[in-house]
Amino acid sequence: MSDEAPKPIGQEFIKGLWRENPVFIAVLGLCPALAVTNSLINGLAMGLCTCFVLIGSSLLISALRKLIPKPVRISMFILVIAGFVTIVDLALKALFPATHKDLGAFIALIVVNCLILGRQEAFSSKNRILPSLADASGMALGFTLALAMIGGLREILGSGSLLGINLFGDRFEPWVIMIMPPGGFFTLGGLLFLFAWIEKRRKPQVPETPQPPQSMAV
Amino acid sequence: MENLAYIFFSALLINNFTLSYFLGLCPFFGVSGRLDTALRMGAANIFVMTITSICAWALNTWVLPHAPYLRLICFIFVIAGTVQLTEMLIKKLSPVLFKALGIFLPLITTNCAILGLAIFQTNRDYGFLEGLVFALGAGGGLTLALVIMAGIRRENELASVPDLVKGTAMNFFIAGILSLAFMGFAGLFATT
Amino acid sequence: MNRNPPQLHISTSPFVTEGSTTGNLMRQVIYALIPVLIAALWFFGITALLVVGAACLGAMGTEWLLRDKQTPNTLPDGSALLTGLLLGLTLPPAIPLWMAALGGFIAIALGKVIWGGLGSNLFNPALLGRAFLQAAFPEAMTTWVAPGKSFFSLYPTTLAPPLFKADVTVDSFSSATPLGMIKFDEQLTALDHLLIGNIGGSLGETSAGLLVICGLVLAFRKVFDWRAPLATLLSVVACSFLLSWIFGTPEPGFMLLSGGLLFGAVFMVTDPVTTPITPKGQWIFGLGLGFLIVVIRIYGGLPECVMFTILFMNALTPLINRHTQPRPFGG
Amino acid sequence: MMQAVAGFRHGVHPREHKTATNGIAVERMPFVDTYTIPLSQHIGAPSLCLVQPGQLVVRGQMIAAPNGFISTAQHAPVTGEVTAVERRPHPTGDMVETVVIETDPYDDQHIRAVPPNTTDLVQAVQNAGIVGLGGAAFPSHVKLTLPEGKHAEFVIINGCECEPYLTCDHRLMLEQAEDVVDGLRLIMNQLGAEQGYIGIEENKGDAVDMMIDLTLYMEDIHIVPLKVKYPQGAEKMLIDAVLKREVPVGKLPIDIEVVSYNVGSTAAMAQLVKNGIPLVERIVTVTGPAVGKPRNLIVPVGTPIREVLDYCDTDYGSMQQLVLGGPMMGQAQKDLDAPVIKGTSGLLALDECTVARCAELPCIRCGRCLEACPMFLNPSRLAQMVRAGWVEELTGAHQTNCFECGACSYVCPSHIPLVQLMRLGKAMIREEQKKRPA
Amino acid sequence: MAATVTTAILIMTGIGLIFGVVLAVAWRFLRVEEDPRLDQLEEMLPGTNCGACGTPGCRAFAQALLNGEAVPASCTVSSPAEIKRIAERLGVDAGSVERRVARLHCGGGKGLAVDAAQYLGLSSCRAAALVNGGGRACNWGCLGLADCEEACTFDAISMNRLNLPEVDPDRCTACNDCVEICPKDLFTLEPVGQPLVVACNSPLTGPDARSGCAVACDACGRCVSDAPEGVLAMKDGLPVVLDPERTTADAIWRCPTGAIQWLSPQTRSQPEKEPAEVS
Amino acid sequence: MKRQITQSQLVLSVTITALVAGFCLSGVYTLTAPRIAANQAEATRKAIFRVLPDTTDYETVEEGIYRGLNASGESTGLALAASGSGYGGPMEILFGYNPETRRVVGLEILSSLETPGLGDKIETDPAFTASFKDLLVDPIIECKAERRADNQVDSISGATISSKAVVRIINERLAELNDTGNVNE
């Protein structure tokens, strides 16, 4: 397919934050988004690890895109991604053993995060380095943002704290469910509901207009 | 060593891969719209998980002790390769089976649940048999969750769900409620 | 030309109906709950009323707040009140009131409104509210107290400020439920206590005898279908008999009368909305439920498992319905 | 003789409301000025009009001929003059081609007829315009003709009258009992059937006794008292109750060697053979809370509904709904100028109390409809499917099996218009099937 | 260090080789030949699967395009620019089709058509039509319960203040959904440029027709005689347009009820207020 | 743009990528391995010191069994690693055991999946962990609602299962140790 018309780099970056947010809008990479986000710090850590892997592999793949034969591209992507993930895994283990313990197997599972592979397939392998960098960092940041949001919410309600700092005093009754599996689903569902609500409030009662087809005689 | 029944039921119900480990959520939400696809997806999952478990066990026994840092790469590579090989084999041997399961195979080889299975199995030092039972339990659990979800979603299509939650948000709420319902199994067979 | 009486109506046959209405059914169940509520008052004092009231307030308030502004108010059909009542009666007596109200909110919001309102939900709202509370506040939800406190005194936890704990340790007044006692301390409660209800447990579930009577009345008035509850009880008796015979686990009589089983069988398994619609499906639902209850009570971590089990069976209901459609006449 | 009362499974027990009319002998309604005889009063092709405006016709004269096999004839209900052949209101709500006859006020309105040649009973019945009087108005002669390779072992006469309010069949069985038995004999001879049954609901004990007396020495004719349960009169339920045989899905009674007739149709055939009288009038139960003098009337086919209501002192002020037929399966009317036709078994004028419907509430899946449905369908689910437009699933769930008896709507506590949804569903399936081959 | 690197290299080479071979074999046996343009075309089409083009859906249309069985312009949903792109991609002419829109043939809205009885039941035209044909005295007219509005996936239909459906000609894609759903068969698809519309569907004539509806066509025949020869004809109590090309506003002037209308060229959905000005 | 790709090229490109990746990873591994090993050793060390009072050094007897040594090099007891299933899933613990007094002298939960706020009191409830500071193991440890004897632990109310699980794991580990017979040497 022909190369997409180049868009401003800024736009490539911004879109991942909100308009095409990987978690809230595209609903990708859900497993880590829910599995490890029982606290803000875990969400952030996971987000940053994903950032590293996504940006790193996007750069590499975009740089090598001319060299990658189409039939084996997916395997090559996975190889590259797996390499980066192993690096993160080892680095975390060496530098932040406590965080590594909290995130557990999910660091390894970044390899199969649909988001990362999806970006390689949809963007990096078709675009030059700079746009790929913008796209990857936008997406990664959007992902991190979403994880932080989910993690923050779950931590506030589930532990009464944020970043480990106690918010409401000792007598706060934490909602344990929020840091357990159902809480993950409920939080993301609730956030999606909230966004839909805000969206509806913002543009009241204007039904979306489909492109009006003109009458034509070509 | 934990007993096999516990491994099986734990993966099937108590620590269901989808509902309490959040693994394989993308296909969970993706193909649970219809019951027959859900069933076939589940079957394909059980199949791939079994293969994965065997591969992971083989790698853990013979290859990885030499280079633990290659675990991830090896897992993902070998699993993908083996599944692809099997896929071709099925295609040749049984077109019917391929039609029923085949289209899902490539879809799930690079899926969290599969890699998750391999990694958990490794972390918990499961042997060959334990791994196999674990894979069956996990695959069965995934199928169970998928099928239940599909039944619920199909039923839900007939209801007038408010616009604000319709779609993805509703699916998350349903998954959350299912996850809550599965909590009742916690501790099953653990205390014996 | 049109010389018809101005008020002539046309509609589809039939032009007569049996006369029962949905609101009517709900009201009958509510009436049946009144004796249960009185028993709770008797055993646990005024707190019973406060807790149930808070749950009802939470449920009905939510129903009213989240109603679809275009359609008529749905409070009069009584289903929200019923959900609140049932939720309240399944809560432990010493639960803080704000939790009860929150449970009511969750029951209606998560259990009913998002599904599309009355009749569309697939999970029992009252139990969903309770399950949420159980998972969110496991400590408060497993703090049982023994009946027999003076009528007007409150538990120290009852009036805890919203979102906060009371400043007492619950150990100071907690006791255990018959199921907990047998599972963890191998202590058997006498059957007559179970029948009368002067034991620890949720507000409404302690008096087995009263529940049986209410159930029979409702069944004979055809408010609900007798199949599912009967199947549940039969299944519990059969499974626990088998297990007690082989492994010496608790007797069927104890299994039947203890915990939330009877309350669940009479009021929750009968919820028309969330249980199978087909007669065969009701049997399957009940038998499966009873089996799971016995297995989890004996081998699981949660002796008080009726709630989770019913929710799990609710999840299976669409599948059960699907596979038990009646054979068409002549088909 | 003493045996357990036969019945079918499922069904409902509506209040009967029959006492207002079941004790009163049938009387003849006086002739009115104008009659409108629609050319389509039956299932099948409309009849072919034989008359023109201005033409004089005699009571009992054929004014429209059958148009094909599944069609039947129409006859002048009165002696008078044809004033128009044009579109006029029909009880279905449609406007259909109708023969309008002004009554000759000076005629004595006697039918001058000769019994037909019974060697061709089928032809005679068709030319006499006899159709099923149980409601469906299916041309009777069609059922007198055995399809290729079929055999009719049993003839069942349907005297159930399970609809509330209606008593016309009950009175007919009391007052024309011999006609019914003769008619049954006629049908059995025509079809070569071995056994004849007359199924009567137990609440018509006098009719049962009378029939038993009449057939005491007939070995091959059996009177079967049936459980009082709606819809006992539905053909399939009746056959199930009498013979313990189920008509298979998509099949006809003849496929299990049964033919059934309504008592009215049976008596009409006896009258035809005995006296040569074609179907120009029928017994109609006029009743309901808004009717001043409820009774059973012999009404000429084509009498405007308004005239019948007037004759029975109907209080138009309180009448909110007018139903043709019984309250479970009848049709509400919007136009009182439509005529009584051959299939009209009752005129039911309902007042406010009966009509004030409760608002529809969501289905609570209570399963009552499911346990009421005599066809063992799951109405609540079918209704949801209709609303969702799942035509394929509807077909798979045998939705077309529903015969709109209304038992489901009757019991539904949420007042879901299940029958209407069933009709809509059938219409959707029909449309889909029409589209399919294209 | 050296040992680590050697093991790594050995393992990776082994696995890489095995996997490479697997892929190579797969590449050889699993390749499926399919016209790649099919996917591309489908992607370019709007994906509404409306069927207005006469095929069962967008992919079928794409196939038809590839087979040369259809012209790109038959897709009435795509914008002209998009159609041009598709035509360029295929290297064919976009072609031209006369755009058609749905037109309603009933004017009996609220207050104009008489109600014979009050209808109680499902709020759906199709359901109401099954109950004595609906509560209207005229058995052929619009029931006003908006099944068509709901059926139109393009939001082209809205119920107007007379409670009659009004088609927005700019949004209508001639998908035929409303034509199929209306139980009274009140819609037809007509060329958008043809403004003469018969807004009645009742076969009744004379006072019979008008007793049920104030704007019914009573088949007086004036429109037929006023229109150019051969443009209109009276059939079953209703005028029908025989020659859409030559319609003029003359036909509507003497209609006693307004059952025949000349649509304003601006909105193409509402009748002109004063027909005389048009000609 | 369309180059013909041969199969050997495919094989080659995948292999080369794998090779490069393997090479890079081995490098990273070599760099991080010492740190990781040190981290783990440190964690074990700390845990051992916590479960065995007065310990300043330890030696590994075998995998999962460590002997604590005090400043003067005398044995302070054994630190035993054990695992089993709790309420929420598998849990791993390390406990200090003094073979001479036949008492458990300390407990550390290394990892668990117990419910926060309920089951995790086995880690956070000081009263519960305190009861493992001096606990007779003969004949076996028991978990009771009310502590009445030296070999009994006061179970946490609301988390009886988790409490019992800990006790069960310890009992099983000790039994295993007795079987292999190298406790009291």
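Chains: A, B, C, D, E and F, in written order; residue numbering restarts at 1 for each.
Here is the rule we use: a contact is a pair of C-beta atoms (placed from the backbone, for glycine too) under 8 Å apart; a residue touches a chain by one contact, two chains touch by 3 or more.
Small disclaimer: the values here were computed from a predicted structure and weren't measured.
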{"item": "For chain F, the least number of touch steps when starting out from chain A", "value": "1"}
{"item": "Label of the chain whose CA centroid is most distant from the centroid of chain F", "value": "D"}
{"item": "Selected pair, greater C-beta contact count between A-C and E-F", "value": "E-F"}
{"item": "Geometric centre distance via CA averages, chain B-chain A, whole Å", "value": "22"}
{"item": "Distance from chain D to chain C - Cα centre to Cα centre, in angstrom", "value": "49"}
{"item": "Centroid spacing, where centroids are CA-atom means, of chain D and chain F in whole angstrom", "value": "84"}
{"item": "Intercentroid distance (Cα basis), chain F paired with chain C, Å", "value": "42"}
{"item": "Chain D: positions in contact with at least two other chains", "value": "93, 331-335, 357, 417, 420, 423"}
{"item": "Set of chain E residues in contact with two or more other chains", "value": "4, 7-8, 11-12, 15-16, 19-20, 23, 27, 116-117, 120-121, 130-132, 135, 137"}
{"item": "For chain B, residues that touch 2 or more chains besides their own", "value": "67, 69-70, 73, 77, 80, 165, 170, 173, 177, 180, 183, 186-187, 190-191"}
{"item": "In the complex with chain F, residue positions of chain C that touch it", "value": "138-139, 142-143, 170-171, 174, 176, 180, 183-185, 301"}
{"item": "Touching residues on chain D, where the partner in the complex is chain E", "value": "87, 92-95, 331-335, 357, 417, 420-421, 423-424, 427-428, 431"}
{"item": "Of chain F, residues touching chain C in the complex", "value": "87, 115, 117-118, 144-145, 155, 157-158, 160-161, 164"}
{"item": "Touching residues on chain B, where the partner in the complex is chain A", "value": "19-26, 29, 69-73, 76-77, 80, 110-112, 114-116, 119-120, 123, 163-165, 168-173, 175-177, 179-180, 183"}
{"item": "Contacting residues of chain C [partner chain E, same complex]", "value": "1-2, 4, 7-12"}
